[in-house]
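Down below are the structures I want you to see.
Below, subunit A partners subunit B and then partners subunit C, in two separate complexes.
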Partner chain A sequence: MTALAGELVPATRNGLSLLLLAMADDEFVIGFSDSEWTGIAPMLEEDVAMSSIAQDELGHAQALYGLLAEVVADGRDADAIAYDRPPEGYYHARLLDHPRGDWAHTIARRYLYDTADSVRLEALTGSAHEPLRDLAAKIRREERYHEMHVGAWLERLATTPGEPRRRLLAALGRLAADAATVLAPLPGELSLVMAGIVDAPGDDLDARWRSKIGPTFERLDLPMPPALSDAAGARTGHSDAFRSLHAELTSVRRLEPGATW
Partner chain B sequence: MTDTPPADRTPAAGAAGRGLEPWEVFRQEKDGDPMRHGGSVLAPDAELAVHYARELFGRRQESVRLWVVRRADVHDLSDPDLLSPPLDRSFKKPGGYVMRDKLAAARARSGQAKPKARQG
Partner chain C sequence: MIGAAVLDEATVRAALAGVLDPEIPVVSVVDLGMVETVDVEADRIRVEMLPTFIGCPALDLIRDSVVGRLAGFGRPVEVDFGFRVPWSSDRITDEGREKLRRSGFAPPTADLTATRCPYCGSANIALDNLFGPTQCRSLFYCRGCRQPFEGFKTL
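Here is the complex of A and B:
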């Protein structure tokens, strides 16, 4: 069974729009934020790797915004959705509101995000919304490498005593309260589950995520992220750090509104 | 916050001190092609060396396979005494002897003309 955007009932269409917006904004914000390492990563090879991964995320965001533009069909294209919103109009998880911080902080944030994103993509592999199912399958193939890369870094920071482990633990501490925001239940997710667009609600995805990262955290003796205390605010009330990031990432676009780039 | 690059992030400077070492990367462009040397990366271990090789030699779909080898594991031979002997060893080349001048002299002695190229 497949469902195209035009055939969706309004509740499902709204739910799908929010899901796509959440996914696209997540990828957009972490992609832009991690691209700040370009030129200053700890070594040249890592500079290339992190920049390339950040670019991949922007590519995923572009594809997701494109899909969202088809679903909402209000005349805005992917760029308009990506750039022409005030900071409070963004719908990324609060985990990504944190600035990139030091290298350990970037790795901790990326690990928490990538593993949650992977659970989210997996829940779409049988999606009844065919364009989303196909896109999720393509994105998953690239995310596999991202997970390997960040996993390698988490491992070496966690197992190297002294400053590396100390900085990693400090980063996980700073991120703890927002760690579980990526999979927090979305408004309207029930209609998506019923329409077969997502295979489970957020609470189930959160449990899958915890069983996915649990063995790694246990082996590396790292504290598991606590349960989310405020699911309703998981994607709102963005930080000053994000406002600065937003001002920067929209700065070129704002130079000449309506220009064709 | 780490906003400034480490002072030692210059080519090779301090690489060994930070546990980095060079890895040689070989790449295959398409199935059936030989593995060719692509270049090298600096990395602390095989796992990251493979990741970096993938980024630098494979992310634009220019390779279907990569081999990553620790440079220290490569046995180098570049001694000119062993590879470029000073005496004429052209007789060891598969091209063999140069017969043209000898044949011309033999024909001149016997008075035979050079045979025409065979008609196809």
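Here is the complex of A and C:
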């Protein structure tokens, strides 16, 4: 029996909407941000890789916005939700508010994000909301390739003395305060846990994430991200860098509102 | 109208074997294991399909090809792409694997190290890039016959 959006009690529906919005916006923003490497990556193979990863992420965002459209059922489709909001209406984690930066910065952020996203997807393995459970299972299969890629790069930068390691450490330093924002507790998450939609609250997911990345950070002698100081602001108060990205990514949509392709 | 009176699932599936993948047009959607359920009803044909990759830009083209291919049966055709069953590369048929290999694409393997050069069969290969020209492919180089080749990702 499929758990249809219409059968959800209001508190659960609101919690599910926020979870889907957070996941979709995260994939959308990192996908667009990383697509900025197309044509200018440090080597041709990475140009191909980062462009392909960005394409995967935008596909995930599109599918998640589609599920969100069914849950909120307010007449907007996936594209309308994705593009027709002002910058302050986006709900991505502050980790993704940082500009693309240099290659080490992109790798550091992708590693922090991909590992946290993987914990979030695992927490949906047995979700009572079947459409989300099925989509999360499908996304995980694709993300495995992203994790292999970024893990190899983290290792390469961390173990190459001189500029590579120095740049990686500088990037981790810049990202430290926002590193744990992806799994920060969401409003209404307890109703999702009670309804069996997510298997644990954000604090537990944060602990799982730390035990997942801990051994790698220890082996590579990298500083673990600190605990989040402002969980309530983890997805609000977006940066000027995001405002610029938003202006760029909505530019075609704004050229001819309502156009169909 | 083609065989409207006796239309059954097997006939529809046989027709779908003629719908080729737009990015690798040597294999069909049936070879790739993208066709899950086929329901032949009195007033319509419903086809449940599984996307290989969630963001695959070829899905709309494939949908149109399926509708076009089945149009001759004289009933409305509904194509649903969904994730109820996650597509995996294990679903590619033996025939599909052989067609891929003959066209220079290494079929997916349980383990990347089991990949073999589709041209000379050598195991002396290098993985150049986990990612390739489309979402479903990786790039390799064969040190045996000194030929670059693409491999289907294992999903």
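Here, the second predicted complex is superposed on the first by the 259 of 261 C-alpha atoms of A that agree within 3 Å, B and C clash if a C-alpha of one lies under 4 Å from a C-alpha of the other, contacts with A are read in each partner's own complex, and residues count from 1 in each chain.
As a convention for this text, a residue touches a chain if its C-beta (ideal position, glycine included) is under 8 Å from a C-beta of that chain, and two chains touch if they have at least 3 such contacts.
Since this is a predicted model, take the numbers as computed values, not measurements.
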item: Clash-or-fit label for the pair subunit B, subunit C on subunit A; value: clash
item: First, second, both or neither for A:134, with subunit B first and subunit C second; value: second
item: Touching partner for A:52 - first (subunit B), second (subunit C), both, neither; value: both
item: Partner chain(s) touched by A:66 [first = subunit B, second = subunit C, both, neither]; value: neither
item: Partner chain(s) touched by A:145 [first = subunit B, second = subunit C, both, neither]; value: both
item: Greater subunit A contact set [subunit C / subunit B]; value: C
item: Partner chain in contact with A:39 - subunit B first, subunit C second, else both or neither; value: first
item: Partner chain(s) touched by A:101 [first = subunit B, second = subunit C, both, neither]; value: first
item: Intersection of subunit A interface sets (partners subunit B, subunit C); value: 45, 48-49, 52, 145, 148-149
item: Interfacial residue positions of subunit A with respect to subunit B in the complex; value: 39-40, 42-46, 48-49, 52, 99, 101-103, 145, 148-149, 152, 156
item: Interfacial residue positions of subunit C with respect to subunit A in the complex; value: 53-57, 82-84, 86-88, 128-135, 139, 153, 155
item: Interfacial residue positions of subunit B with respect to subunit A in the complex; value: 1-6, 9, 18, 20, 41-44, 47-48, 51-52, 54-56, 59
item: Residues of subunit A touching subunit C in the complex; value: 45, 48-49, 51-53, 55-60, 62-63, 131, 134-135, 137-139, 141-142, 145, 148-149
